[in-house]
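Some structures are shown below for you to check.
Two complexes come next, and they have one chain in common, chain A, joined by chain B in the first and chain C in the second.
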Partner chain A sequence: MNSFDIFVLPFAIGLYTLLIVFFAKVFDWIKHLPVGDRRKIGRGIRSRKLFGVVKEIFLESLIHRRIFKVNPLLGYMHMSLAFGWFLLIVLGAAESKIYGRDLLNTPWDPIFFKYFKHDTNEFHSAFFNFTMDFLLLFVLSGVFLAYLKRIYARLFGLKKTTKHIFFDRLAIISLWLIFPLRLLAESLTSGIYHNGGFLTDGLGSFLAGFMPVGHLEYTAWWLYSLSVGAFFVALPYSRYMHIPTEILLIAMRRFGIKTTTTFTNFSQIEVYSCPRCGICIDKCQMTSALGNEKPASVYFLNTIRAQKVKPGLSFDCMICGRCEQYCPVGISLMNHRLVQRNKLISNGYNFQFLKNGIPEKARIAYYAGCMTHLTPSIEKAMIKILEKAGTDFVFIDKDGGACCGRPMMLSGNFEGAEKLIEFNRNNILKSCADILVTSCAICYKVFKSNYDLPLKVLHHSEFILELVKSGKININKSGLRAVYHDPCELGRGSKVYEEPRELLSHALELVSTGYDRENALCCGGSLGNIMLGYEEKNKINAAVWKEMMVNDPEMLVTACPLCKKTFNKNAPVPVRDIAEIIADAVQISPVKPNHQLAPEQIAG
Partner chain B sequence: MNQDWGYGINKDRQIDFDRNDRRLAEYIRKYVPSYKLCISCGACTATCSTANLTDFYNIRRLNIFLMRGEIDEIAKHIDKCMFCGKCELVCPRGVNTRQVILIMKEGIKKIKQNEQL
Partner chain C sequence: MKKHVFIIGGGVAGAEAASQLVKMGFDVTLAEKETQIGGKLNQWDRLFPSKRKAAEVLDFINKNLVDSKARVLFNTEISKISKQNGGYKIYAGIEECTADAILISTGYDVFNARIKEEYGYGIYENVITSVDLEEMFRNGNKIFNSNKEEPKRIGFVHCVGSRDEKVGNHYCSQVCCVTAVKQAMEVKEILPRAEVYCFYMDLRMFGLQFEDLYRESQEKWGVNFIRGRVSEAAENIDGTILIKVEDTLAGRPLKMKVDLLVLMVGFVPSAGTTEIGKMLNLDLTPENFLKPADEHLDTSSTNLKGVFIAGTCKSPKTIADTFADARAATLKIKEFLEGSEK
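Here is the complex of A and B:
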């Protein structure tokens, strides 16, 4: 079969450019990866994790499961384009190889197959003609939706879409043209030779009725080749680089590689895996409440990729984690923000003034945290509950104490945070406690993730729930209707969603909002954002209150002292901490006095 | 417990305001406009975790140094800040104190490297 014409060149040049640029990048990434990470790849490839990699690549890169969760129509659009095109490539390759009886045919054989192959008498032609046309229709439906999305993004659940850079535009325009041009070229050829399936043959016969298909055919194939070639050339410099890079990302992530405190080549791979879908823009409260799109993660990753990170942008993020929660690629967006902060600021610290005291020994260590000290009602409630339950506890930071280190970490100063962690860790260990209880969600997050404590760390909502479950305290239920606000650091940060709700359901009636659990909003008081001023934080908070009040609750309950303080500023209904609710609902004298509990009785 | 509220009289000495180094103060005013709202009430210092644990450091005193242009003194103490953010929460004027500290650190770094502020 003669399968060469000069018009295959744009396609071939595009394809080879893409392959060379991409593999040069991959080689560079892997070469400069930290040694530990390279070893993880070596081990991972030889392990069973590889099956998981293949499964995730299928589910995420082709089916786009996570986008389906955000919006089914958006998911379908991505699936039809990715999975449809993938099947077209696989089946097209199979068709050309079977027809030419040549396993090692050229890459353009399947692409321009219809132009070179005119007879349709082979026994498998009917199958391929039908399937290929069906798949083309499937992809075209996605292309149509992509056009529609430009005009009416709200239909796809998106309020804002990403603003594109030059190469993105070039790539998207050629991508939009590829499949309609393929349809046109194949139809015109089929109009002459009747070698197409239901779609191309039907359209071809129709066009042949009033058009000189014989003259137009060659031009159409040229345009088709040009559009594919242009897309391939633009791909490595555009957002579509995520298509090949995401496969690499999924594999490496499954092998246990992470972005931690430094920017490695794995972080670079994460940055290149960002498809700039823009889902994070809508999720960001800086956009929805303040109308400021700039800090959205998609644009931030853009600046990292272009190596133009500005301090203002990296500090202008609340680290609430909503973008990361909904990111279809699963990029560790919060870490990226902190790593860039770490690069920017002077990481000085001088904590020589911290002197470890000798705390009393007890079974339970209670750490209130800075923010709880600013909201003494929570502290009082906790002490009341601890005493009511007759627990043997020590109040670790009764006289103030040092900060837990999380705010320092959020500012990007990992080294300073490490010192504070070391100091507090020693203090906690010296108390010889078996359980550490904290009433601050921010402290809880850092205790859980960075302290590496050989004891059980409980947030006060978890701890009190254990007390209630084991009957150490009994509480009265009232008919009060309240809404529970998930603090970012406790919810998305530490995945504690159900315990506070279960505990509250013992004391009052919970009503839901549209923003529960993973979808919870940040109160606006965030310690993560260092740029936001008082008014802006208030504005965000006022917007959150609006969402909280949809079902007319009589009270707002939260589990973080900072959230409580922030909500208080604009409160239309009382705001209380979960500990205060329980302290008020505790029945009088449920337990014998001086009864000391063993920790295993309290918490498993 | 040592409660230095920052109202203690600073040591007697001559301050030459003609040679006052205002670079850092102006730098902060430029990037943290809310800093102009400060009335030196001392609420930040009263709540400061570090002030509670040290004899000297407190954010209000840093403010005085800043106004007097005593950048070396600030550089000596600024790194004691733990960034906990209590000062920001209690500030009655809504000054973004954490940003002040951050910009101060950045400014000092630039001054040490003889960069233009």
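Here is the complex of A and C:
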């Protein structure tokens, strides 16, 4: 079979350029990866983790399962483009190899197959003709949806679509042209030789009725080759770089590599894996409540990729985690923000004020946290509960104590936070407690993630639930209808969603909102964003209040002192902490006050 | 036929305006949601700057109102107001009245100190507000803490709920500084041996004699003034209150134990003010008070023809300013009603 014509050159050049640029990048990324990460790859490749990698690549890069979860139509669009094209390539390659009886044919053989192969008498042709046309139709439906998305983003559950840079536009235009041009070229050829399937032959015969198909055929194949070539050349510089990069990302992540406190080449791979789908724009309350799209993670990643990170943008984020929760690629968006902050902060703190005290020994160490000290009603409620249940506890930070370190961490000052962590950790250990209980979702997050404590760490909602379950306290249920607000650091931050709900259901009626659990909104009081003024924070909070009130609750209950303080301004209904609710609902029961319980009895 | 003016809210502003408008020859109806005239004044003992009894001022406005024979509806709230023949129809309690003009004088509420939870109001027994302290003065000048003991050290916290972006109120409530100075002296009068501290950001002694009161409080009564914002309060086991203050003159943090902490709560638009404003779709200032038609040239009219405003529903004010403002509104109403006759 003669399978060369000068028009294959744009395609071939494009393809080889893409391969060279991409593999040069991959080589560079891997070469400069931290040693530990490189070892993880070495170990990973030889382990069973590889199966997981293949499965995830199939589910995410081809099927786009996570996007389906956000919006089915958007998911279908991504799937038809990715999976459809993938099958076209695989089947096309098979078809050309079977027909040419040559396993090592040129890469353009399958692409321009129909131009060179005119006879359709082979026994397998009917199958290929039908399937290839079917797949082409499948991909074209995705292209059609992509056009539609530009016009009616709302159909796809998106309020805003991403604004693109130059290479994105070049790539997107050529991508949008590839499949219509392929349809045209194959149809014209089939109009002459009838070598197509139901779609291309149908269209070809139709066109042949009134068009000089013989003259147009050659031009159409040229245009097709040009569009594919242009797409390949633009790809490494456009958002479509995410297609090959995401495969790398999935593998490395499965091998245990993460972005934590420094920007590594893995972080770079994460940045390149963002397809700029724009899901994070809508999820961000800076957009929905303040009308400010700029801080959205997609644009922030853009600035990292372009090496033009602006300090303002690094700090203009509440670290609420909503974008990360819904990012279909699973990029550690919050850590990226903190890592960039870390590059900007100066470390001029002195920690001489940290004076070690010797805490009393007890089974349970209660750490209220600075924010709880500013909401004494929570503190009082906790002490009441601890005493009512007859627990043996020590109030570690009764006289203030040192900050847990999480606020410093959020500002990107990991080194400073480490000092506070070390100090508090020692104090906690000296109490010889088996359980550490805190009333603050912010403290809880850092205790869990960074303290590496050899004891059980419980948020007060988990702890009180254990007390109720084991019968240490009994509570009365009222008919009050309340809505529960998931604090960012407790919910998305620490994945504690059910315990507070279960506990509250013992004391009152819970009503839902459209924003429960993973989808909870940030109250607006976040310590993560130092660019926001109080007025803006109030605006965000007012928008959240609106959503919380949809089912007319009589009260809002939360589990974080900062949330409580934030919601308390302009509150249409009372705002209370979960501990206050329980403290009020505790039955005056015959529990002996000084009876000491073994920790495993309390929270076993 | 006599023109009819409907007044909503019978505090100093509403009561004074009612008797003045009757004198001008109009029919007047005054709706007050409580059972008595005088609004907040009923809660105060002695007034700055002269320390005269609030009761004297109350007697004055009550007498004028009774003499004027204006119609007063007590226990009455407004459920609806609609436009009718160039005037208004008002649904007041069980009554329906028509009016040619409306005056809103629904006043202010004090800031709900529970929102500023770090000060522990409603949680610690020995944290009270300036309003609670006035009540102690009215009930025979007895000042006790929760253990029924006389407090030895008392702290006054200025700007609670005012000049505080965190609670969404960035404006100054104007009268709390001088009220704190007045109350501090009154406390020293009753408990000469007690130590009294005022924690302020800056002192706004804008009226005549206010500065003299400030000086007197220090020279004659030994009240201590510390510039700094109280950041938080905690309760000790014995019920005393431990406060943390950033002393901005000395430039260092300070901790102090007090037996009683008094919060100088600021002004916010009253619930009635907000409600009526919404009902009539009136323009609001950025601070959510009712907005005058012009900040200099016409401070009594609103964006709605025939609807006027007076008193502290517009902004924080002293009693003297409230009186003056109410009288100014009556002149504006007269001008409006007589102009519309022609």
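Going forward, the second predicted complex is superposed on the first by the 603 of 604 C-alpha atoms of A that agree within 3 Å, B and C clash if a C-alpha of one lies under 4 Å from a C-alpha of the other, contacts with A are read in each partner's own complex, and residues count from 1 in each chain.
Just so it is clear, a contact is a pair of C-beta atoms (placed from the backbone, for glycine too) under 8 Å apart; a residue touches a chain by one contact, two chains touch by 3 or more.
For clarity, every value in this text was computed on a predicted model and none was experimentally measured.
Engineer: Overlaying on chain A: chain B and chain C, fit or clash?
Structural biologist: Clash - chain B and chain C, as placed by superposing on chain A, overlap.
Engineer: Between chain B (first) and chain C (second), which, if any, makes contact with A:345: first, second, both or neither?
Structural biologist: first
Engineer: Using the touch criterion from the header, give the chain among chain B and chain C with more contacted residues in chain A.
Structural biologist: Touching more of chain A: B.
Engineer: With the two structures laid over each other on chain A, which partner does A:568 touch: chain B (first), chain C (second), both, or neither?
Structural biologist: second
Engineer: Report for A:408: first if it touches chain B alone, second if chain C alone, otherwise both or neither.
Structural biologist: So A:408 only meets chain B here.
Engineer: Taking the superposition as given, does A:535 touch the first partner, chain B, the second, chain C, both, or neither?
Structural biologist: Both partners, chain B and chain C.
Engineer: Quick check on the superposed pair: does A:162 touch chain B, chain C, both, or neither? Answer first, second, both or neither.
Structural biologist: neither
Engineer: In the superposed arrangement, which partner chain does A:259 touch: chain B (first), chain C (second), both, or neither?
Structural biologist: Touch status of A:259: no partner.
Engineer: Output check: A:380 vs chain B and chain C. Expected answer is one of first, second, both, neither. What do you get?
Structural biologist: A:380 sits against chain C, while chain B stays out of touch.
Engineer: Taking the contacts chain A makes with chain B in one complex and with chain C in the other, which residues are shared?
Structural biologist: Touching chain B in the first complex and chain C in the second, residues 373-374, 533-535, 565 of chain A appear in both lists.
Engineer: Could you please specify the touching residues of chain A with respect to chain B in the complex?
Structural biologist: 311, 315, 345-346, 348-351, 353-354, 370-371, 373-374, 399-403, 407-408, 410-411, 413, 416, 420, 525, 527, 530-535, 562, 565
Engineer: Residues of chain C touching chain A in their complex?
Structural biologist: 114-115, 117-118, 120, 122-124, 165-168, 232-235
Engineer: Mind listing the chain B positions that touch chain A in their complex?
Structural biologist: 1, 33-34, 47, 49-50, 52-54, 57, 77-80, 82-86, 89-91, 94-96, 98-99, 102, 105-106, 108-109
Engineer: Which bits of chain A are touching chain C when the two form their complex?
Structural biologist: 373-377, 380, 533-535, 538, 564-565, 568-570
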